[in-house]
Amino acid sequence: MVSVTQTERDRDIIHATLTQLVVANRILAREGIIDNFGHVSVRHPLRDDRYFLSRSRSPEIVSRDDIMEFTLDGEKVSDDPRSPYAERHIHGAIYKDRPDVNAVAHHHARPVLPFTMVNQPLKPIFHMASVIGTNVPVWDSQDEFGDTNMLVDSMEMGHSLARALGGGRAALLRGHGAICVAQDLRAVVMISIGLRDNAALIQSTLALGPVKYLSDGEIEKTSAMLLGEMPLRRAWDYWVARAGYSGL
Amino acid sequence: MVSVTQTERDRDIIHATLTQLVVANRILAREGIIDNFGHVSVRHPLRDDRYFLSRSRSPEIVSRDDIMEFTLDGEKVSDDPRSPYAERHIHGAIYKDRPDVNAVAHHHARPVLPFTMVNQPLKPIFHMASVIGTNVPVWDSQDEFGDTNMLVDSMEMGHSLARALGGGRAALLRGHGAICVAQDLRAVVMISIGLRDNAALIQSTLALGPVKYLSDGEIEKTSAMLLGEMPLRRAWDYWVARAGYSGL
Amino acid sequence: MVSVTQTERDRDIIHATLTQLVVANRILAREGIIDNFGHVSVRHPLRDDRYFLSRSRSPEIVSRDDIMEFTLDGEKVSDDPRSPYAERHIHGAIYKDRPDVNAVAHHHARPVLPFTMVNQPLKPIFHMASVIGTNVPVWDSQDEFGDTNMLVDSMEMGHSLARALGGGRAALLRGHGAICVAQDLRAVVMISIGLRDNAALIQSTLALGPVKYLSDGEIEKTSAMLLGEMPLRRAWDYWVARAGYSGL
Amino acid sequence: MVSVTQTERDRDIIHATLTQLVVANRILAREGIIDNFGHVSVRHPLRDDRYFLSRSRSPEIVSRDDIMEFTLDGEKVSDDPRSPYAERHIHGAIYKDRPDVNAVAHHHARPVLPFTMVNQPLKPIFHMASVIGTNVPVWDSQDEFGDTNMLVDSMEMGHSLARALGGGRAALLRGHGAICVAQDLRAVVMISIGLRDNAALIQSTLALGPVKYLSDGEIEKTSAMLLGEMPLRRAWDYWVARAGYSGL
């Protein structure tokens, strides 16, 4: 009997995780972070060696039935005939290399793109962007892989990107986009939006004069506060309301 | 009997004030002034030593039940268990220091942010922005408080900010956002939007050539006109229609 | 009997004109040309010495009942107690001074504002903006009237502005906005949008290199084509569909 | 009996093509590529010497009944009394000169316009724009035709433009707009959006530092991947969902 109860509770936990993943997809679409391409995943809440990710679909239209389960090597767990994202290895490699990370987003938010090419650091200049961390490195697929179709479509490329990310919360891909990682889906949405808004703000500020970044102390204290339970819950409620979709 | 009538009238006045506060929340969200964080308050219409403010919630989804009453020191009046905004002290400190002010908004409208960092005055350059006043000072939490989590979360910080504001209608917070104050909620919305639009306009104008600010005489005459009853009512009707929410 | 029929036909003509005026209000709001302030009028289709204009209301919410009739001197024709726009004299003065003009719009479309201040001509750089004409003059209320509340709120100011406009299709007001004039409401909407889009386009082009304006011959031929019946009808159908309001 | 079946299958093919053409119209409107003017066509799926294009209407409101059939010389096939686009010759000339092309879009997406005037190449700087190809030439109607109304309204002008396009996927028209061509409607939408987004991105990147274009090898490999069946289907599903219109 105990084991049955255990199973039911597990099912509830998984169900809640999948629901939140679908909502995160819709939010990232609604907030203009992800358009036709890009994706967001979550680590399996009960197994460190698995993650959930939609089949190859635009986040705007992802629903529960689209979610698939993968090993960290990107193998499908069931014999689902549907096509996964070619770039799912971004997610698996990061989950392998970063045990503290439970959610990963890959997107091409336009204001971020210039920073993948020019010699201008994408550091926090306002408090809501402190969550991106003090350093956002740039990874260039050319360095190790030469001319490619620019997809991170192998575990080898995924680990290369994960090495560039290091212990950070975001990294940029030259001429391509960004990855954001966090302890949960709410935080990875906040980091994705903070990265985009900070990038846009540096651009408009530089046109007026020299940028004054937050101090390292401010970044540490402000991000610790924003990634706490209350701000995350308040922000999530807001995004859910705007997305018009609570997963139900 | 008289006292009963008095009480009913009082209740009507308070009800109208709370309704307008909820609508102001929705308007500031709809107009893109406030997103997940930021807030707007109104002084109690019958007691100078109290103000109304939502519990910790994004203005986009604030409704009547969310409004809480505070003393100017930021203490809850009832034993409501819900969490207030950590930054409510902005409101209390200003209501204490500025008896002429009955409405306060705190927001992070993006075009305003560059002016919190660079040496470029945020002065009115077009008639609709005359309401922000001739001088919008910048307050930097570093100056008195060093590295913080950047929230104005104590009465001490609130009063420091209020001193920077002085007798003005708006002030900027370095790397953070802005506060706007006015005689009523309609005016504080107009000032918030004027501040944002003026900031954006200075940026696009400077890219073309030197900015020509309004003269002090124009600012005085035009703001007096715009903050009059008829323009405020016309603007409010417009914002209510766009927000799709009249508080009913 | 003939006179009765005549009257009915007249009524139909006036009704169609008023409907189109309401729709033009909604379109200019939907297209982001007019926000809380600004207005659009049409000359009376049967009397050159009268014009129609909403009471003091934001175009976004103007409906048939809001339309008032004025003499060219800005006097109300009926004893309607409602307040007219203080700036209605822009319309009357232009209708007096420009017999070829049957529709006038006054707005503060943001991308236009920088050109009211800097020494940079607002000349057509792409075909759809040819309708603004070869020269868009700037009028500064300071020159004749000194420090004011910046409203064009007298016939004297209206005629001053009309003199600056001359025989053109648009003029700018320093630190304030623009006026656009045309033979009908559809054309005045096209000119208003063309002015805004051209202003935005000059700004983004100048950031890349020197602007190449249309030649005078191109402006003449292209504007004659665009202000013809077929392009006006096609554009109007588009704007009506977007505004979601056909006046019915 | 066989011939009847054949006819039914043909009718199905044509019906599917027309439906996709209507949806492409709505998508290009929804994505902000085409506003009141501009158009998109498809070659007849069963006859190389014919193409389908809406009557003179804004793509936002095009529906099945608006589609007309033309010879490559721009002659109507039926005696439909409705007016075609004056610029339909863009489509016919390209279908004549480029047997590999089955879909053509002509638009005036604003971020593209500066590149029609300044000496700045519109080359891919991020992977999703690789589909525009390595070289986007500029055609100036002045060179061969002098002062015109700027419409490409004859087969002579259409062929001149097609010569400038050469074997490419997009070309620019000075002070006017762009044309995009592809093997099918889904690809022509992807190229149109990629062209617009790349143009906007070059502008924001140049403000920060020198642009790093994709390498020729990256352009070739990435565009081959993106113009494949799976990415096109995934993107199309996304655009259809956003347009809220599946042609049914």
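In this document, chain identifiers A, B, C and D correspond to the written order of the chains, with residue numbering beginning at 1 in each.
By our rule, a residue touches a chain if its C-beta (ideal position, glycine included) is under 8 Å from a C-beta of that chain, and two chains touch if they have at least 3 such contacts.
What you see is a predicted model; the values in this text were computed from it and never measured.
Asker: Spelling it out: a chain qualifies if it touches subunit A and also touches subunit B; which chains qualify?
Answerer: Chains that touch both subunit A and subunit B, as defined above, do not exist here.
Asker: For the two copies subunit D and subunit C, is the contact made of the same residues on each side, with over half of the numbers shared, or of different residues?
Answerer: At the contact between subunit C and subunit D, which are copies of one sequence, the residues are largely different (under half shared).
Asker: If subunit A and subunit D share one sequence, what is the angle of the rotation that overlays their CA atoms, in steps of 5 degrees?
Answerer: Between subunit A and subunit D, the superposition angle is 90 degrees.
Asker: Where the CA atoms of subunit C average out and where those of subunit D average out, how many Å apart are those spots?
Answerer: Taking the mean C-alpha position of each chain, the two centres sit 34 Å apart.
Asker: Using mean C-alpha positions as chain centres, tell me how far subunit B is from subunit D in Å, no decimals.
Answerer: Averaging C-alpha atoms per chain gives centres 48 Å apart.
Asker: Which residues belonging to subunit B are in contact with no fewer than two other chains?
Answerer: 207
Asker: Of all residues in subunit A, which touch subunit B in the complex?
Answerer: Residues of subunit A touching subunit B: 125-128, 130, 197, 200-201, 204-205, 207-212, 214-215, 217-218, 221-222, 224-225, 230-231, 234-235, 237-239, 241-242.
Asker: Touching residues of subunit D toward subunit C in the complex: what are they?
Answerer: 35-37, 56-58, 60-61, 83, 108, 110-111, 113-120, 142, 146-151, 174-177, 203, 206-207
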